[in-house]
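Shared between the two complexes below is chain A, which pairs with chain B and chain C, respectively.
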Partner chain A sequence: MKKMKKEAMWAYVFILVPLCTFIVFTLYPVISAAVISFQKYRPLGSEWVGLDNYINTFKNGLFYKALKNTLVYSIITVPVSMLLSFMISIMILPFRKKLQSVFKAAFYLPAIASGVALSFVWKWIYDPLPSGLLNNVVKVFGLSNQNWLGSQKTAMLSLIIMAVFAGLGQNIIIYTAALLGIDSTYYEAADIDGATFFQKVRYVVWPIVKPTTVFLTITGVINGFQSFQNAYLMTGGGPDNATTMAGLLIFNRAFTYFEYGEACAQALILAAIIAVFAVLQFKLSSGDVEY
Partner chain B sequence: MGLYKKYNGKLKYKGTIRNFLLAAVLLTIALVTLFPIYYMVISSFGAPTEAGGASYSLIPKQFTLNSYKFFFSFSAHSFRWILNSLLVASVVTISNVIFATLAGYAFAKLRFPGCKVFFFVLLVAMMVPYQVTQVPLYILVVNVLKIQDTYMALVAPTLVTCYNVFLAKQFFTSLPTSIMESAKIEGCSQPMIVWKIVVPLSKTILSVMAIMTFLGEWNTFFWPFLVCNSEAMQTVQVGLKNFSFANTTYFAPMMAGATVSALPMFILFFSLQKYFLEGVTVGAVKG
Partner chain C sequence: MKRKKMAALGMAAVMTLSSLAAGCGGTDKGGSSSASGTAAEGKKDVVTALLPPVSATYQDKINTYIEDFNKENPDIEIKVTTASWEDVTQKLDVQVNAGSPPDIAFIGSSGVTKYLDTDMAVDISKYLEEDQINDFDENVLNYFKNQEGLYGLPAYCEIQCIGGNRELLETAGIDWKAVQKDGWTYDEFREAIKKGVVKEGDQIKTYGFLFACAGVTAKDYFGIFVKNAGMPEAFDKDLKYAYTSKQMLTFLEDLRALIDDGSMPKELGSIDAGKRWNMMLTGQTMITGKGLSSFEKSAYENTEKLKNNDGSAVEGSIPVEYVVLPVPVFEGGNQQAQGAVDGYICLTGEKNPDEQHLKNVAKVAYYLASSERAAQTCQELYLKPVCESGRTAYEKLPPIENKNEDNTKAVESLTTQIAEARPDIPADKGAAAIKIQDEVIMPKFQGLLAGEVTPEEMYQAIVDAGHAAFGEAGCVSDES
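Then we have the complex of A and B:
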């Protein structure tokens, strides 16, 4: 019994620092976000306003636009990125380990470079002048000059393309790890049944890596819903809020207009949406996923 | 037999052609993904003029280090930005590894009242979007604690992240409890068990944790951007933004700074590639 107590004592010592950090920098902020969302925050004496912040948010047309933008962004970026990385991971397979690593490194390198730096490079690629890089590329295909980030038609698409390329490496590495873990007996069985290459991909590989796909979808959507940096640095949400996503909306509410209360209300609504989505995803997929 | 057909004997050429085609496709995609990095590096060797006058050449027409000089002389603190990043990322990494290891061990192998509750809270905390905590955290740091523009403000919120504790716990659970039991019978104290048994057995996962934490912290833009107003306290990522103004951008010097800031990461990556690539899969792939 004395031993048990000693063990428990050490356990508390070990979790002390993480627990304090957690209480001060996560738990307290979460609770205080809930409180601030009912207030008109002032550094000296906030005013209690009840549900006003929530009502204002739901009355605000921009809020729905931002949600729609976030949804469009995630719904396109995540599947496209996953499909591409799944195909690339399959194409990597027949090569020797060394060569596989070289390719993986090449695809992963953008994830290591600073996001700020890359967003400025991409801004340069998307330059609206005829001398802009992408404009030079599309000219080859006979397309006219585009104002990629400045036009409502293409701004969101431009951010999506960038996000797909930046996120590819990570997905590829996770997929290849899953693919390499597939037991060769599955392929042997498929071969005996006379399956073609594409049938093997469809009926052997795809079902086996499904848990990985689910994982990538959930984390991808959660990240997509929280995305902020690229839109902030590249378009600032424009043109005409075509690229204002939830993350940017909340940031602007708080740090441009100093409406802390409303920003907190919006953030909590976002969190609720993410939570619902994550649970839904998990429920929908848990039927055929074994953990 | 694998997913791909094996060609033997006379048909071997078919396999070679197939692999050649696949390699060509992969190479093309790799060129596209690597292009922004290539562009960043070559434009950093251009002349430090303002954006309007710059040209968009893919092959460097000139090779000057003037933009690098410009970057370091642009602000009195250019050099300090890099030191700040280095300091912040190092401190955060070290404290994460130490405290996540201790807490992870406690959650994985020690029994104590409240163990399950604490761990559950940790899991929930991991899923809270950062947008929820950003405003209160900002208010806490700036208005309540008044530690704006200090290293404390930069470091404290990420001293130990729930994610790292979770990672450590997951890994330590797979270590055989019997070793720790026998060490305990031999009279080994708990801190000694962690130091002499758990740490040596978990070097890989701890390295992965260190590397990913360092990388994440090095590239963080948002938090330092919020809490650091003075140029002297900015990290290099925030500092880069100073080269962009409402109407113009000092592109070449900015890219010089970007290259300088990416260099340590690239060197780390090429020397520790295995850990980087492994790090991504931790928690994602079973088995």
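Then we have the complex of A and C:
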């Protein structure tokens, strides 16, 4: 009993460190943000404004446009990225372990590269002049020069393409791990039943990796809703707010206009929307998932 | 075993304490100045300053400046934190929002209202001597005023205009000296840049005019040009929102026409400042914007590198002699120049400094903005100082070699045409206008440049936003 107490004490001591870190760097900011969302924040003395910040947010047309942009961005980026990752993972799987690692490392490379550096490279790819890399590529197919980031027609698509390619690596690593965990007896049984490659993917692989898919969908949507960096660095939200995401709107509200109260209100509304989406996805897609 | 456990416990305690300390590290107030100025007798009053690289050698020279000041003022100590141009605003904003800004920060005067709104900007007019205030050119000093308060001192006034490649201008038959002297109308400018377009087959080899308009830089194009379209400020003298005037519609149609003519690239909205300058040096444009007088130095240095076969010259660049040019005048407008007035704003925070400390802050701000400091900084930026003491010191400096005298005269002339500062605009109105600019004008302007928003649509959006923010009676209406 005494030994148990001693061990528990050590457990508590070591839990204390991350717990304190969590309280100071996560819980405290979230609670502070909630408090500030009801204030007109001023460094030398804030004043309570009740629900004004929330009312202003709901009255602001740009907030809805930003939400719509974020939704479009997430709805396209997440499934496309997952489908590509799933396909690439399946293609990688038959290779020897070493070759698998080479592919995984190659696809994971963008995830470890600085987002700012990647943005610079993508800006070069999207160079609007005829000398731009992508414009040279589309010219081969007989298409005219495109103003990729400067046109409302292509700006969002350009950001989505960039996000899909930059985010593949992480999904591939997780999918490959899940695929490697499938017992070979399932494939053998499918072979005996005469299943084709696509039937094996449809009836063996896909159901087994469903927990992974659910996990990637939920985290992907959360990341999509919180996306900020690409729009901030590549388009600044333009043209005509076609790429203003909720994250960028919140950033601008706080750091351009010093309206921290409204920014906090917007951030909390966004958090609530993300939570609803996450719960819905979990309920809809994880009914038959076993962990 | 016991020792190991003790060590582990010690480590855990240290980590816990350090994380707590990091999270609660607000008591030091960012190492800012002593709160009570000269509270403790015999103790030096510390004045803190946050400074970006104002000119190429500014951050090197600042230590000498401080050393000299500290010697002459044994009761005051200046402590400087330097930051890059990219970081300085963010650093300052973080400190402001923590309630502990530096006593002095180098910012653009357009940021005065922003810090005024936080109640942290200090009115230094009562801490400065009259001759110190009178040292500065009145209109330039007014850029740091709001209502009756003076919140900072200007270091320089940079003329934001446009600039051309001399050889290409002359090839196109443009009398650039006359333009420098007399300015030009929109129609003259439009014709000139049409002549500057050089084609190779279907491809345009050289554009007549190019302005960096990617993201927020579009703000400069709009802001600099609108001054010459009869709307030098967002508010007229009666404090009515001016951009709802019909002149705005004509102005927008004129800007769009320059792209439709083929004189400017249709991809303008994606060309950033770096690419714009690169295109200037590689001969892909005859006239560039925005132009600063210091670009003459940059172009000259690149040309020298080319002459000396220096590999660090811009790839594909050609010798360029940079010519300062004024912005054209639109119908209903007058020749004016956009002056970017930057300088030293004075701030206070939770530390509640005493009067003596604030007096010391004002003294340091004046020291940094005047005499040799102003002269040396301005000379490096190819500008004339904006204070008398600076001009006196400037005359004693060795003259700049290889300076284009026509450019010098043009900049001096443009300096006299700087749009009048508007300290009469109340901070809340100014903030509302900035919000319309950022949330309506700039997004629509990007759409206009991309050819996806018509001038009429953009104008209507401005009118709607103006009416929503200031009421119809608070906006200029051409019908009335």
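One rule holds in what follows: the second predicted complex is superposed on the first by the 279 of 291 C-alpha atoms of A that agree within 3 Å, B and C clash if a C-alpha of one lies under 4 Å from a C-alpha of the other, contacts with A are read in each partner's own complex, and residues count from 1 in each chain.
By our rule, contacts are C-beta pairs under 8 Å (C-beta built on N, C-alpha and C of every residue); 3 or more make two chains touch, one makes a residue touch a chain.
Every value quoted in this text rests on a predicted model; they were computed, and no experiment measured them.
Undergrad: Under the stated touch criterion, which partner chain does A:40 make contact with: chain B (first), chain C (second), both, or neither?
TA: neither
Undergrad: Quick one: chain B or chain C, who's touching more of chain A?
TA: Here the partner covering more residues of chain A is B.
Undergrad: For A:271, decide between first (touching chain B), second (touching chain C), both and neither.
TA: first
Undergrad: Quick one: is A:28 in contact with chain B, with chain C, with both, or with neither? Answer first, second, both or neither.
TA: both
Undergrad: Mind working out whether A:260 is in touch with chain B, chain C, both or neither, as first, second, both or neither?
TA: The answer is both, since A:260 touches chain B and chain C.
Undergrad: For A:237, decide between first (touching chain B), second (touching chain C), both and neither.
TA: Second partner only, chain C.
Undergrad: With the two complexes superposed on chain A, say which partner A:17 touches: chain B (first), chain C (second), both, or neither.
TA: both
Undergrad: Now for A:149: first (chain B), second (chain C), both, or neither, which partner does it touch?
TA: A:149: touches chain C, not chain B.
Undergrad: For A:210, is the partner it touches chain B (first), chain C (second), both, or none of the two (neither)?
TA: A:210 contacts neither chain B nor chain C.
Undergrad: Now for A:121: first (chain B), second (chain C), both, or neither, which partner does it touch?
TA: A:121 sits against chain B, while chain C stays out of touch.
Undergrad: If you lay the two complexes on top of each other, which residues of chain A touch chain B in one and chain C in the other?
TA: Common to the two interfaces on chain A: residues 10, 13-14, 17, 21, 24-25, 28, 43, 127, 255, 260.
Undergrad: Can you name the residues of chain B that touch chain A in the complex?
TA: 1-5, 18-19, 22-23, 25-26, 29-30, 32-34, 36-37, 39-40, 43, 55-56, 95, 99-100, 102-103, 105-107, 110-113, 115, 118, 121-122, 125, 127-140, 143, 156-157, 159-160, 162, 165, 189-191, 194, 215, 218-219, 221-222, 226, 236-238, 240-241, 244, 249, 251, 254-255, 257-259, 261-262, 265-266, 269-270, 273, 276-277, 280-281, 284-287
Undergrad: Okay, in this complex, where on chain C does chain A touch?
TA: It comes out as residues 5, 8-9, 12, 15-16, 19-20, 22-24, 90, 93, 96-99, 114, 117-120, 203, 214-216, 218, 265-271, 275, 349-350, 431, 434-435, 438-439, 442-444, 446-447, 449-450, 452-453.
Undergrad: For chain A, which residues are in contact with chain B within the complex?
TA: Contacts found on chain A: 4, 6-8, 10-15, 17-19, 21-22, 24-30, 32-33, 36, 41, 43, 88, 90-95, 99, 101, 103-110, 112-118, 120-122, 124-125, 127, 131-133, 136, 165, 168-170, 173-174, 177-179, 181-182, 184, 187-188, 191, 197, 200-201, 204-205, 211-212, 215-216, 222, 225-226, 228-229, 233, 246-247, 250-251, 254-255, 260, 263-264, 266-268, 270-271, 274-275, 278, 291.
Undergrad: Considering the complex alone, what residue numbers of chain A touch chain C?
TA: Result: residues 10, 13-14, 16-17, 20-21, 24-25, 28, 42-44, 62, 126-130, 145, 147-153, 235-241, 244, 252, 255-258, 260 of chain A touch chain C.
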